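In the two complexes below, chain A is the common chain; its partner is chain B in one and chain C in the other.
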Partner chain A sequence: MKSQYFAGVDIGSTMTKVVIMSEATLASVIGPTGPEHRKLANRVMEEALAKARLSFDEITYVVATGYGRINVPFADKQITEISCHARGVGHLLPDARTVIDIGGQDSKGIKLKAGRAVDFVMNDKCAAGTGRFLEVMAEGLGVSLEDMGRLSLEAKNRVEISNTCTVFAAQEVVARLSEGVALPDIIASLHEAIATRIYGMVRRLKIEREVALTGGGAKNIGLVKALEAKLGFPVLLPPEPLLTGAIGAALLGKDIVGEAVEKGETLVRSERRLTEASIFT
Partner chain B sequence: MTEEKKPEERKRRKTATEAASRVGPMVKAALAENLRAKEEGRPIAYSFIYSGYDEIIRAMDIVPAWTENYAGVCGVKRDAQRFLEKAESENFSRSLCTYALCGLGFDSWREETGEMPPNPPWGGQARPTVMLGSGQIICDPRYKWYQAAQHYMPDVPVYVAGLPYPPYEDDYDYRDVQGYYVKYIVEELRGLVAFLERHTNRKMDWDRLSEVIDISDRTWNMISEAYDLRKAVPCPMGTGDAMNTMVPMTFMMGTQEAYDFFKDLYDELQLKIANREGVIPDEKYRLLWGGGLPSWFALTDFNYFNSKGAVFPAEVTYRLVEPVYNLDLPRVSDPLEHLAWRWVKYWAYRHDKARKRPGSNPDVERLIEYIEDYKIDGVVMHEAFSCRSWHPGLIWQLNQLKRIYRDIPSLILESDIVDISSYNEADTRARIDAFIDTLEAVKSR
Partner chain C sequence: MPEEAGSRGLAAADRYYEDYGSRVRELKKQGKQIIGYLCALTPVEIIAAAGLVPFRIKGDVNEPITKADTEMETIVCPLVRSWFDMSLKGKYEFLDGIVIPHACDSISTTYNVWKNTLNLPYSHLINMPHSTDGPSLKFYKALLNTFRTSLSKFTGKEISDQSLNQAISLYNQNRAKVRELYELRKASPPLISGAEVAKLLIASVSMPVEEATLLIDSVIKEVKQRGGVLAAKPARIMVVGAEVDDVTFIDLIEDSGAWVVADDLCPGAREFFDDADVTADPIEGIAERYLRKIKCGRTFREKKGDYDDYLEERFGHIGRFIKDFKVDGVVLYIYKYCDPYGFDVPAMKSYIESVGAPVLYLEDEYSMSTIGRLRTRIQAFLEVLGSK
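Right after this comes the complex of A and B.
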């Protein structure tokens, strides 16, 4: 029987992720998201295909997810990131019952049952409680986003920093610096502020163990520790926290194809083209 | 002063029922009637919906101006911002009730210039003769808004009718205290009649009041019977339409026109059920609008739900009546006493039910009742940031519902009733999409 290949494309606010799978993951690419999602998704997809040594025509089904999912011209179907994250985490970490996803533009909590989302909460109104909060702070502190986690582990004392508004928190950080508070202490306090906010939101779901942490926030060891302190137990981390949505999208594509075959139905696919698209045409 | 802004042009929202489509012109006509009354020197009363005095105003031929409704109209027309900004420039906080802010902004503008603000939505709101607040548990602007409006209209008298009702406690029977409440409310309403006679040059015709109350009692029954028809599968009318049909329920109570409207709606729904005609052809999910006022500028979100196969057969919001024959009202000869009994009994309607279920309360009990009666798959609520009195309790209700009843899928929308700056269509619809996914996941389990 001819091999089948499935692609998941997750266009977030800051990163675009593509995963190509068959029985296992064949290739994955993570690239920054530009203002024209469709153009970039096109290029990231081509890169992933090259890594998997496949042509676009060989991909059986493509599912797009994330904020930019509507802008993917070569997807067969668009599915919400809640469903894709749930499917991805359910596959990678079957013991997880709650997912906390900290993305660049929003953060969300998802309740899982049998690998599917049955409830969720989202913070999409305010930068506080999202990756954007830390980005702004990193800029103000003159450190790279990637270094923040490591630096925060050197903290000796915590200071109080507002978690309700990114702009006010940035002002507080400047004030703390001028008071001579050590950089690691400030960064650890920022992690605590964002963890408090996210924990407060996700608690609405009645958190159940195990808890999986995904998204860019899961790559920040300081934030992970701060959230674990709030939860009172360790969290599960997928091998690459940025890819769970794309993996879930590819798996849902596989599910759709499998279901169609099982029912003897003709697979409905969109008229997809892997050409550079412009949002102006 | 804020410059005149042309409101965004919007397509008219598609309604499922013919009755709902008639409501827009009815609101327009009511506002025109206010302006005409002003010209003719007839008394106008700024009023709050559901304050127990509708029948009194009608019986005395006083023209009601429903100020919350006018703010809602400004919201629907996406033309509230300039009035909110005006109120803010008067030092009112944006975190106050945005109905009140919109109204205060409008009034201060009109009083400052001596004429209507330019191009006011549907002709504007006329200067009142009196303002009628109501002291209720549900809403603080009901007694503070008109007092604040007196800053701009110091010559317009205010009457605040105290309309309490027995709060729910699981360890006592409201019947032990209901008599005190009724007595108090009757005195408050009697004071209102005296106030209106003093300030409007109108005399209460008590026989006429009894007639008006009879019409409104019959209208309560007719509304209940019409809305009960929405239990049908497929559902013939959704919450989107109910946000229209609340107009005759709340702004026209005690009129023959309101009764006739709901009789027509009843007949229309019967016909739709006979023809198996639903809001949408392929009904997949039945949702309960479990609380919160709607975002008046975003009623098309209901159509978006419909496009995903979801309908709302029931809502808690603006379902402000119960069948009068179920309220166990005593027979009394004083029409004011009848109004007081109906008021107390309405609010205590689910006390007995709630006391039988540990952890419940009348609001949660109503959610459970609708979920069962209307075969509901999920609950949607709206947290409007500017409504401090009702909306904060919604999350508790939802949590209790899940704790004592069942873990039903739920969605909390976040925005406001009038302030469009709090709304993001893309994010709202992303949440709706995700909610539909969870409904599907739960259904296919």
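Right after this comes the complex of A and C.
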């Protein structure tokens, strides 16, 4: 039997992620979403296809997810990031019962049962508790986002960051800097503020072990430590925290094809084309 | 009463919904006096018995709140601010008066703003009590008699017991029609969509009750005649919340692959499922209905027994709807700063889950700008329901 290939496309507010799978992951690409790149999801897809040495026609099924999922013209189906993260984490970390995803624009908690989402909470009403909060702070502190985690581990003390509003918290940070508070202390306190907010939200799901951490936030060691301190136990991290949504999307596509084959149904496919999304032009 | 062709059925309901207030504008030209009111807890029977036309103030999620903010801080719930904003923008300039019940703090504490800003010939606050015990009922009856006197001073005519009883019967007939309408939602797929029901019921509180009853009756006949035309969808959803006077949210759920088949909303089951008894003193039956029968979160109900008994007393009707309308999942749709419903969320959520229905809790700001993030949550909830 001819091999089947499945693609998952996760268009987040900050990053676009594409994964191509057959039995295992064959290729993955992570690129910025950005105002220009957003309409170029096909470029990231082409890059992934080139890496996997496949043509678009060889892909059996494409599932799009994430906040930009509606605008992927070449997808066969759109599925929300909740279901995709659940499926991805369920596959990569089978012991996980709770997922905490910290993305650029939102953060969410997902409760898992048998590798599927059974309940969820989401915060995307404001930047507090999201990656954007840290981006704004990194800029204000003149530190690169990638260095925030490492620097915060050098902290000796914590200072109070009392504002949850990103704009006001940024002002507070400037005030602390001018008071002479050490940079690592400030960064660690910021992580603490985000962790408190996210933990408070996810707790409504009645957190069960193990807890998996995904999204850009999971790549920040300082934030991971701060969340572990709140939880009181260590978290699980997937090999690449940015890819769980795209992997889940590809796997859900595989599930859909599998179910159709099992039932002897003809698969309903979109008339997909590998072209630019026109909605943004 | 409009008798021309096309003034009945779903198309007419749509038109009255889209051009909200069009019927009372006509009546105003014919010399009728129109009394605006907020919330389903206004005893409309008394207004109708006075020979006046009660008219429910409605907001608009598509209209950004721009004028109301100078008079009402954002801690007032967005629904009340939208109502006030629409009033300030001249949408309801045909009003002769305004009646405000102490439904929640956002409504009652803004009474003086409404009264003094709109400056209408008549305005009245009914300081409705918040619990259902004997002394509260006695107090409430006294307030309703004050309201009755105040309205007759405004019209210059006494409101007789007979006219009150007649108004009670007309409203009860109207409520019976709504219950008949809801029977059409029990089929799978339902015979009438949630959006069609919402538009009809919202339109129905913008016109005299007799006309609303005829309109609902005509829709029931039309829907029965057209038969099962709605496509099968994988989930049957119930929406629970305060007042939903805009169809956008119901549309959003139904566009995401589900039917809305039941509700605990105003205008909706909460407003129309309980009658006022015709009693020797008509005020008695009216008071019983508004204080004790309507199960709104703003009214405190004590119950002897344990916490489960309390939950059953408060939310048992939601459990019965879930069973009777074969509901797969419940959406708690709560406006930001809604004190009665916001406070009840954890208790409602645990009660509904205890009767076996998954719950999606959404906090919203009564604005089109939030549609995108609500859509993701609703779609995810439907995916969760689908994979069970």
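Assorted remarks:
Basically, the second predicted complex is superposed on the first by the 274 of 281 C-alpha atoms of A that agree within 3 Å, B and C clash if a C-alpha of one lies under 4 Å from a C-alpha of the other, contacts with A are read in each partner's own complex, and residues count from 1 in each chain.
Note that in this section contacts are C-beta pairs under 8 Å (C-beta built on N, C-alpha and C of every residue); 3 or more make two chains touch, one makes a residue touch a chain.
Quick caveat: nothing in here was measured; it's all calculated off a predicted structure.
After superposition onto chain A, partners chain B and chain C are found to clash with each other.
Contact with neither chain B nor chain C is seen for A:A246 once the two complexes are overlaid on the shared chain.
Contacts of A:D119 after superposition on the shared chain: both chain B and chain C are touched. Judged by the touch definition given at the top, the superposed model places A:L236 against neither chain B nor chain C. After overlaying the two complexes on the shared chain, residue contacts for A:A64 are found with neither chain B nor chain C.
When both complexes are overlaid on chain A, the residue A:L93 reaches neither chain B nor chain C.
Contact with both chain B and chain C is seen for A:I82 once the two complexes are overlaid on the shared chain. Shared contact residues of chain A, touching chain B in one structure and chain C in the other: 67, 79-83, 116-120, 122, 124-125. Contacts from chain B toward chain A in the complex involve residues 395, 399, 402, 407, 409-410, 412, 414, 424, 427, 430-431, 433-435, 437-438, 441-442, 445. If you check the complex, the residues on chain A that touch chain C are 67, 79-83, 116-120, 122, 124-125. On chain A, the positions that touch chain B within their shared complex are 67, 79-83, 86, 113-114, 116-122, 124-125, 204, 206. If you check the complex, the residues on chain C that touch chain A are 358, 373, 376-377, 379-380, 383-384, 387-388.
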